[in-house]
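Shared chain: chain A. Partners: chain B in the first complex, chain C in the second.
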Partner chain A sequence: MVVKQETKSMTGNDAASYAALFAKPDVIAAYPITPQTTIVENLSRFVDEGKLEAEFVIVESEHSALAACMGAAWSGVRTFTATSSQGLLYMAENVFWTGYGRLPIIMPVVNRCLAPGWNIWPDFQDSMAFRDAGWIQMYTKNNQEVFDTTLQAFKISESKDIALPSMPCLDGFVISHTTGQVDLPDPEDAFEFVGPYDDPVIALDVENPWAYGSMTGPDQYSKHRRDLMVAMERAKKKIIDVHKEFEERFGRSYGNGLIEPYGDDEADLTLVTLGTIGDEAHEAIDRLKAEGHNVNALRVRTFRPFPVENIVEFAKKNHKLVVIDRAASFGHDGPLRIEVEAVLKRHNVDTSVSGKIMGLGGEDVPYSAIIDLAKKELKE
Partner chain B sequence: MIEVIQISRGGSGGITGAKILAESAMYEGLDAQAIPKYGSERRGAAVEAYIRFSNAPIRIHSPVYEPNHAMILDISLLDRIDISKVDKDGVIVVNSKEVPEELKGTGRKVAYVDATGISLELGLVLSGFTLVNMTMLGAFVKGTELISFENLEKAIRNYWGEKRAPKNVEAAKRAYEETKVVRA
Partner chain C sequence: MPVTQKDLMIKPKDALLKGHFACAGCGSALAFRHAIGSVADKAVLVVPASCASVYQGSGKGVAFNVPTINTAFAASDAVASGISRALKRKGKDDLKVIVWGGDGSAADIGIATEIGACDRQENILHVMYSNNVYGNTGGQRSGDTMIGARTATTPKGNTTPRKMVPFILIANNARYVATASAAFLEDFVEKFQKALSLEGFKFIQIDISCPPNWRADSAQSIEISRLGVQTGIWPLFEWDRETNIAVLSRPGKKYGDKANRKPISDWTSLQGRFRGITDKELIALEEDTERQWNFLRKFM
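Coming up: the complex of A and B.
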């Protein structure tokens, strides 16, 4: 049965903050950076007002913020932080430590492009740079999905058979500072869904001491990395299961949790997207269909683990995929396009793939631009 | 879908006003969105915000380029809006004691009120900036008739809380009563 919820008007950063508040993390350490800052401000206010009983660790940098979270996570408690862009880069060493160390820290990344040129607007270059850091990455399309995904992330990451950190990603400003409507459950219902973090893989136990981060030879090292690969594979099913449980309790869903198809199962042309461009693409699809074009869309919600099977299955029924990337792998192409193409090739799917890099540094990608792209691709 | 562009000066509360307007539309049963345009905006500089209302879920995330209505919190920023892009049946809501010269004879629907005067009388001043945001929301709902004053008041009270709400509600109410709507 779907629980009672109340519609509120709030920014995307507020939505991330409420998800964290309701999940009751024990430790929060974060450093302000535009456009993430209001998440940290909200949480420090919640702690100050006594709404949240968490240890709020004040730090002097993002590197220290994640280091403090790592210490907390190693002691076996629920841990939360958030960052953006240059702040994420400054954390880099610890981002890999967290992923490879299997610490289930939840860290929304409010996507903002990287300098130079100095620019505070969104693209996905920041989180894409950490594609291989061993974190679950989910890209959201609106304020509601930020709340829902952040809440789900705790349950997915902290599962004993997963033990991986999560990076819910939200477009800077376009989501983070935009006011929209969010259906909020009662905090008790939200917490009941997440559950307490009472059975961590790693926890401080003075009776049974362990050492972490010691010298590891090649045999053990590659075994650890293989374990990480296997855990990521397991995470696919976990994401689907948690998403389904969420839907049963709160009545909202995003495809199967890994991918969100939109429109008919089969079309002449498919727009493949990440983030808010996915929402804007839905608008474009409806308008193109009204003009008689046979088009549909596929929003990749979970980028890591990459939903290989779902993309292959979807692509088999379709004819031409046009991937819109909001990041670039210089010397190659857009990261999403590269992966989609590779997956289809490996599975002998002959659906054609093309793509375009759009929206870098906050360049606006209105539905009209998506319609123009689709029409051009339909002609080719 | 109804789209609005609001122009204000940094420090006068425009971004907060846009947020509150989106919340009042929610009480009206509409989906609503308020997008602040950030960049090198600072106190005294021109600041844009975009507001959308719709009966259906809003899936557009872009700025507004061709608004149904425009709201100008500082009349010296009137030239920042390309009036030809504003829907011809839309309302141009301005903080002005009279119909601005630039709009006279254009046939445009203009809603005007001396928001600065009202806000000053009520002492809505912060760090030297007259806060005309709530005042202008009163003028907006009067001029466009999209949202009831009751729902605007509810959003203002919810945002400002018991202590700070009365003055802000008073500012909106006085503007709502004093706004004149004419064909320029």
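Coming up: the complex of A and C.
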């Protein structure tokens, strides 16, 4: 049975901070960066007002923000921080340390492009740079999904059989600073869904001392990394299961949690997207269909682990995938397109793949631009 | 209560087990045995990239007999902050969170993190063991390298003064700051215990000999450290925020007076890193030593 919820009006950053509030993290680290800042500002207010009992660590850099969360996670408590863009890059070595160290830290990344030049608008270049860091990455399309995904992330990451950090991603400003409708559950219902973190993945213990991250030879090292690969594979099912449990309790879903198709199962052309462009693509699809075109869309919600099986299965029924990337791998192509192409090739699916890099540095990607792209591709 | 030689003989074996990878004559491993051993059942260690990340041993043979978290070079004080906060949440704040790292992290790459933790008054103790060089990367100059020292990146001799890290932390409102020497372990352990009894950010810089990088005889490791104190190179003091007074420590007290000191060349001559040091460099080293004493006297 779906629980009672209250419809509120809030920004995407508010939604992320409410998800954190309801999950009751023990340690939160905070450092400001636009457009992330209001997430930790909200949390500082919650702590000051006594709504949240947590240690709030006001650190001197993003490098230390994640480091403080790492220390707390090693001690076996629930942890939360958030960042963007240059901040994510500044904490880089700790981002990898967290992923490879299997610390279940939850860190929304409010996507913003990278300098130079100074620009605070969205693209996915920041989080894409960390696709290999051993973090679960989920890209959201609206404020509601930010709340839902952040809440789900705690449950997924802290499962002992997963033990991976999560990076819910939300487009800077388009989501982070835009007010929209969010259905908020009762805080206790939300907490009951996540559950207490009382059987931690890891917790230092003076009675049973161990050293963590000491020198490790090649055999053991490669075993650890294989374990990480296997955990990522397990995470696919976990994401689906947690997403399903969430749907049963709160009545909302995003495809199967890994991918979210839109429109008919089979079409002449499919728009493949990440993040808010996925939402904009729905409008484009509706209009194209009204003009008689046979088109549909596929939003990749979970980018890591990459939903290989679901994409293959979807692509088999379709004829032409047009991938819109909001990031670039310079010297190659858009990262989403590269990965979709590789997956289809490996599984002998001959559905054609093309793509376009759009929306860098906050360049607007309205449905009209998506329609133009689709029409051009339909002609080719 | 003063720590006696007898106290030191009881516990050290608990903290550093056989099979560690420290070099012969390593002052850091010696200091570790005694200090960490004195709180072995309560200590939680955070180790930035440093010699201690190596000499703790490897895999199932790790020789540190206390919970040990290895961190990135610049991350240790922030990781320690997170541990301290989490332990507080769990009601386990009787445990002692200790950063054990070298001068590369404390004087250079991690100094912002360290000052950050100090500024927040995190309840941790940072022990900076100083061999004045990036040790396990092969002996490159650090911000803690003395004038005249030949290192892998200053083959003709280092020309710049040392960063006075303890004073940087005093200036940033640390709870307790002290210096120590591996030649005077009772003094060190006493300061270590005192620091751990206080709430807030504590810092101890300990001089430890590094025979490979100092190109010194490992059998003279302690002798060199003792000469460091006796020549005035290494002032021994403790400073407490509540009094804002720096007090010279018993073993090093009389070297506050220049007349009581041995010549610095007694200390440099035992170390290959000073081979070929010129008179001009020696004078500059003496001047830098005096500069530190003059700074210290402002707090006495």
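Everything that follows uses one rule, which is that the second predicted complex is superposed on the first by the 380 of 380 C-alpha atoms of A that agree within 3 Å, B and C clash if a C-alpha of one lies under 4 Å from a C-alpha of the other, contacts with A are read in each partner's own complex, and residues count from 1 in each chain.
To be clear about the criterion, contacts are C-beta pairs under 8 Å (C-beta built on N, C-alpha and C of every residue); 3 or more make two chains touch, one makes a residue touch a chain.
Small disclaimer: the values here were computed from a predicted structure and weren't measured.
Chemist: After superposing on the shared chain, does chain C or chain B touch more chain A residues?
Modeler: C
Chemist: Answer with first, second, both or neither: which of chain B and chain C does A:Q181 touch in the superposed model?
Modeler: Only chain B is touched by A:Q181; chain C is not.
Chemist: Contact-wise, after the overlay, does A:E233 reach chain B, chain C, both or neither (first, second, both, neither)?
Modeler: Once the two structures are laid over each other on A, A:E233 reaches no partner at all.
Chemist: Regarding the shared-chain residue A:D26, is it in contact with chain B (first), chain C (second), both, or neither?
Modeler: The second partner, chain C, only.
Chemist: Per the contact definition in the header, classify A:Y367: touching chain B only (first), chain C only (second), both, or neither.
Modeler: So A:Y367 only meets chain B here.
Chemist: Could you tell me if A:E55 is touching chain B, chain C, both of them or neither one (first, second, both, neither)?
Modeler: second
Chemist: Could you say whether A:Y212 touches chain B, chain C, both of them, or neither, answering first, second, both or neither?
Modeler: A:Y212: touches chain C, not chain B.
Chemist: Residues of chain A that sit at the chain B interface in one complex and at the chain C interface in the other, please.
Modeler: Overlap of chain B and chain C footprints on chain A: empty.
Chemist: Any idea which chain A residues touch chain C in the complex?
Modeler: 26-27, 29, 54-55, 57-61, 63-65, 67-77, 79, 93-94, 97, 204-206, 209-217, 220
Chemist: Can you tell me which positions in chain B touch chain A when the two form their complex?
Modeler: Residues 18-19, 22-23, 26, 31-36, 38-39, 58-63, 65, 155 of chain B touch chain A in their complex.
Chemist: Mind listing the chain A positions that touch chain B in their complex?
Modeler: 7, 9, 11, 35, 120-121, 142, 171, 173-175, 177-181, 276, 279-280, 282-283, 364-367
Chemist: Provide the residue numbers of chain C that touch chain A in the complex, in ascending order.
Modeler: Going through chain C, the ones touching chain A are 41-44, 46, 53-54, 56-59, 62, 64-72, 74-75, 77-90, 95, 112-113, 115-116, 119-120.
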